[in-house]
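Going in written order, the chains are labelled A, B, C and D, and every chain counts its residues from 1.
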Amino acid sequence: MTVDLTADLGHGVLLPNPVLTASGCAANGKELHRLDDIAKIGAFVTKSVKRDPQSGRGTPRMAETPSGMLNSIGLQGPGIHAFVEHDLPWLRSVGARAIVSIAGESSAEFAEVARALVAAPDFDATVAAIEVNISCPNVANRGLVYACDPASSAEVLRLVVPEVPRSTPLFAKLTPDVTDITVIAEAALSAGAQGLTMINTLLGIRIDTERMRPHLFGLTGGLSGPAIRPVAVRAIWQVYAAMRAGRIPTAPIIGVGGVRTGEDALELTLAGASAVQVGTAIFNDPLSPWRVARELGDLLHARGIPRYDDLVGVAHDH
Amino acid sequence: MTVDLTADLGHGVLLPNPVLTASGCAANGKELHRLDDIAKIGAFVTKSVKRDPQSGRGTPRMAETPSGMLNSIGLQGPGIHAFVEHDLPWLRSVGARAIVSIAGESSAEFAEVARALVAAPDFDATVAAIEVNISCPNVANRGLVYACDPASSAEVLRLVVPEVPRSTPLFAKLTPDVTDITVIAEAALSAGAQGLTMINTLLGIRIDTERMRPHLFGLTGGLSGPAIRPVAVRAIWQVYAAMRAGRIPTAPIIGVGGVRTGEDALELTLAGASAVQVGTAIFNDPLSPWRVARELGDLLHARGIPRYDDLVGVAHDH
Amino acid sequence: MTTTAGDRVHSVRAEVIAAAAAGDYRHLVFLAPEIAAAARPGQFVALAVGGDTSGLLLRRSFSIHRVDPGTGTVEIVVADAGPGTRWITRLVAGEAVEVLGPLGVPFPVPDEPTPCVLLGGGYGSAPMFWLAKVLQDKGCHVDLVLGAATQDRLFGADLADRVPLTVTTDDGSAGITGRVTDPLSDLLRTSGATLAYACGPMPMLRAVTQVCRPLGVSAYVAVEESMACGIGVCMTCVLPVVGADGVTRMSRSCVEGPTFDGARVRWEAIADGRVAVPGDCLGSPASLAALNHAAAQGSSR
Amino acid sequence: MTTTAGDRVHSVRAEVIAAAAAGDYRHLVFLAPEIAAAARPGQFVALAVGGDTSGLLLRRSFSIHRVDPGTGTVEIVVADAGPGTRWITRLVAGEAVEVLGPLGVPFPVPDEPTPCVLLGGGYGSAPMFWLAKVLQDKGCHVDLVLGAATQDRLFGADLADRVPLTVTTDDGSAGITGRVTDPLSDLLRTSGATLAYACGPMPMLRAVTQVCRPLGVSAYVAVEESMACGIGVCMTCVLPVVGADGVTRMSRSCVEGPTFDGARVRWEAIADGRVAVPGDCLGSPASLAALNHAAAQGSSR
């Protein structure tokens, strides 16, 4: 039996396998390509890019935590113009499918970044989808994360949607740090997002008990890794269930949070994810995006399941 | 140098050391007393008790997760009348200081439980404080957890406060599953809570990938253990910072979430906790409540710090 | 018949004295004199897994295979069932492991000589040889039935030197082809046993109870429920058991069990890896609703 | 002087061939032929810690002490600094460990024979003997200075058989009492060295740079920043470095370092376990504010 791992992200976007990198955990491709061919990854999700170059925060930028880590990078990156000039052509040159993650300090900046990206010569050939990282701070709204507020979330999407051809689906990336994630999901989808990515990191703090001060230079950090997988599965479950119940518009979900093995990827899929990203696990095993896809295929094969896509959300039926 | 580990919970409640058990992780004392003397624990926090006996949920009631676990017990317990008749006298007989955790499906039930508790003959001698577990579902409000909503949180406190003498402080126990925990903290404190316990578990789901269905009988569970410690530290930090800034009333915080060692206890203290509970770590090491207190004392001794209470919130100054 | 529910629980760092393969299992001997001195057949120990850097917090439970109070050794038999047990099966002599015990209520042993049948399924055989010895020392006649899926998953057939032994395997690779319960009725009849003891998978324990009950034979079973703490504080390991007062309660198998009178277990609530709360269980949602309904009726009168 | 930033990184499961104490450190030899074949002095490897059940996700980085492409062995020297390194120091021959490498940019080696001074602080000595050999093979004169807090934390004094050696300890338990940088100026003058190489704690690297700079000596330093990935994808290991274009960037020490030209490192931003972003750094909040201000001015004209 051959297993068909095709992942369907909607709007005609089919990926050869459902295992993607997570934004910010694989840079923009060159570094991971030193380990294996990134064109073989379902899709390569790039580090969230803003308009201008970003230095990011001071260090320490990370703290290891039990089965996870905190990070406080501050979206260090080249800015969209350098990205379009250097990174996108390189991704194209190796034949990678890219999902480009965009960010901004204002909804207008998101739109500006999207516009510059869509205008890039390599856009059509390389960019399968755009991930709108609304889990970042909205400077206009006291630094509150967009995705903590339905109105701010919707506003970003409303400004980005007109900039992007409909054949390139927009995935809004949500934070789990909210009282009801289905409210934010609805706001983003109603404003034109064609899919959701869940979850971004959880807000956390680590205290340096020797120096008796916050360990991270930026005080708070984002908690990621296997430690948070139960929260990711819950968020995906809740939003998928709301879609099934007709309470919010139906759209594909990309699952992310603590995936380390093929079985973990299957778990998120059964909860409702149409594809799955691998983030922090890359730091433990840089070959994990490839390995997880292989393990997932092997699992399906061993259980006699011919098509990955048939498994999406199946745990809701049992 | 002798280290003074006294923990100050306000309203004259001083504990000989700041390490407590976490509600639901140590039952009502008898079982742990088979390992060591529970009278030596800073205070023994009992399993949340409702009015009537509770069977709890079906099983599986737990799933192990990376550096943590999910539980879905459903507040199994004897009900407040049996508690007052059997458990409280036993706690008194061994000389334990108890903090009794109460719960209810309606705010009226909380008040009823508090009333029955305060009326108990052993109340004055044994109960140092009451923990109001508002991180449980409010049946009247679509099963939404009280502590997810400021108004519901306040209502519970408003009904419980008149039932309890002011010399027995009320600690409202908050869930981290909210967009802004300082809003809930303010609601509980303004309604008369004299302290806060943070955090209860995070909502999570685990899928059984073999059977392709939710693993827990009750679908969702609460995530606990070292995995969530960075979230607990963050919640304590945010609320303590809001108190320092005068944005919400000042009151003692009892920290809980992922504490396993003396250093972990110190971390929560430096973030703002006046005492610390040990929960899931008990399942790994049933002697941990005693061990953590010892390790904390040793740490302070090694660093030449004479008084535990001087360390509360100190990381905010650096 | 007494229990040890109130006795001291020891938490010790124990040295592994010996570790060897036994068919598909690993047979482990470690030094834990306090536990060896206090334990009785049917009790279990809980081992921490993964060492200092472990991401697995919860302990793993194992029936005590046997103890030697003289040498202070405790023995267990471990199947590689997942990451925790895999870590344990890799322990070698000289290493140390955190052990908690003795835990749970032992098998009740009759005060008078009584003919008994003992049944072990898979690694569930582990405690049966020690139990057999204790029963024989009391003058009981003991018949032993060991069963497993395959010969490799049969534990201890070589240890039953002083006990009449029947072996079954599902695939016929050893002994009689069939279930461990198949020879039970005949054995009960021929031996005149009025007591049965069983340890193994839930369906087997249920079947043993079902065979014994109509014959008036008491069946004591050691159940295996998923446990987080092993010491009675977490409430994860429950199953519905009928008390002496006739009331069903969700009982903790770690402190009220793992040995139960099979006739008191509400087997019909246990299926497909799940245990439901029977409607008539103390404090069940159904019974509370009825209670509230009655209260409402009362107050409206 | 070339770099290997674009070369292949190998992820291998390596067998530990030997493990032995070396003062306060542990000296580990493992078999990783792909890494041994490709590595050069100044590069490092990253080891996964804790085994299958580990709750520690991140790899730990170690300078390569030396390699033998013939036998395929790679060697590191490990200080027990926390749970991850403790796990590594307990590895014994025969066990396996996940190793990633070779990582980072090696020390640049001059094409012409050039007198050099090499400085190692604590376990920072580890790569210096191999570097010394590579330099000597190029015909360079090499002086070596090893320093540590105490004799037990001095690594490799016995390995410097073919290199003139100066030893310092803070407490005087071996060699000269003082810092590893104390003898540096004299050595540079007497040897006429125009190149220095250093590996050790940040304050030492800064001091080496400060001694070398006024003397016109190039100082290459191997920094040690906290790393989550080791391969350039996470952006945690940055420090401010001035580029060839004169612009300061937050540079990843795992792929753009760990070896840097000391003169290009913005040491003043590094203090007390923290690294601040200099105001003139590319994309710093300050520079972006200035940019926006200029843009606003421009548009208002």
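Keep in mind that, in the parts below, a contact is a pair of C-beta atoms (placed from the backbone, for glycine too) under 8 Å apart; a residue touches a chain by one contact, two chains touch by 3 or more.
Keep in mind the model is a prediction, meaning the values are calculated, not measured.
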item: Each chain counted as touching chain A and chain C at once; value: B, D
item: More contacts between chains, A-D or B-D; value: A-D
item: Farthest-lying chain, centroid of Cα atoms versus that of chain C; value: D
item: For chain B paired with chain D, centre-to-centre distance based on mean C-alpha positions, whole Å; value: 46
item: Averaged-CA centre spacing for the pair chain D and chain A, given as whole angstrom; value: 34
item: Averaged-CA centre spacing for the pair chain D and chain C, given as whole angstrom; value: 56
item: Interchain centroid distance [CA atoms averaged], chain A/chain B, Å; value: 34
item: Shared interface positions of chain C, touching two or more other chains; value: 55-56
item: Touching two or more other chains - residues of chain A; value: 66-68, 211, 225-226
item: Category of the chain touch graph - line, ring, star, complete, other; value: complete
item: Residues of chain A touching chain C in the complex; value: 66-67, 226
item: Chain B contact footprint on chain D (complex, rising order); value: 55
item: Residues of chain B defined as touching chain A within the complex; value: 63, 65-68, 70, 148, 177-180, 202-207, 209, 211-214, 220-221, 223, 225-231, 233-234, 237, 258, 263, 266-267, 270-271, 299, 311, 314-315, 318
item: Touch list for chain A against partner chain D, complex; value: 24-27, 30-32, 34-35, 47, 52-62, 64, 66-69, 71, 73, 76-77, 79, 208, 211, 217, 225-226, 280-287
item: Complex interface listing, chain D residues touching chain A; value: 6-9, 11, 48, 55-59, 98, 100, 225-226, 228-239, 249-250, 255, 269, 272-277, 281-285, 287-288, 291
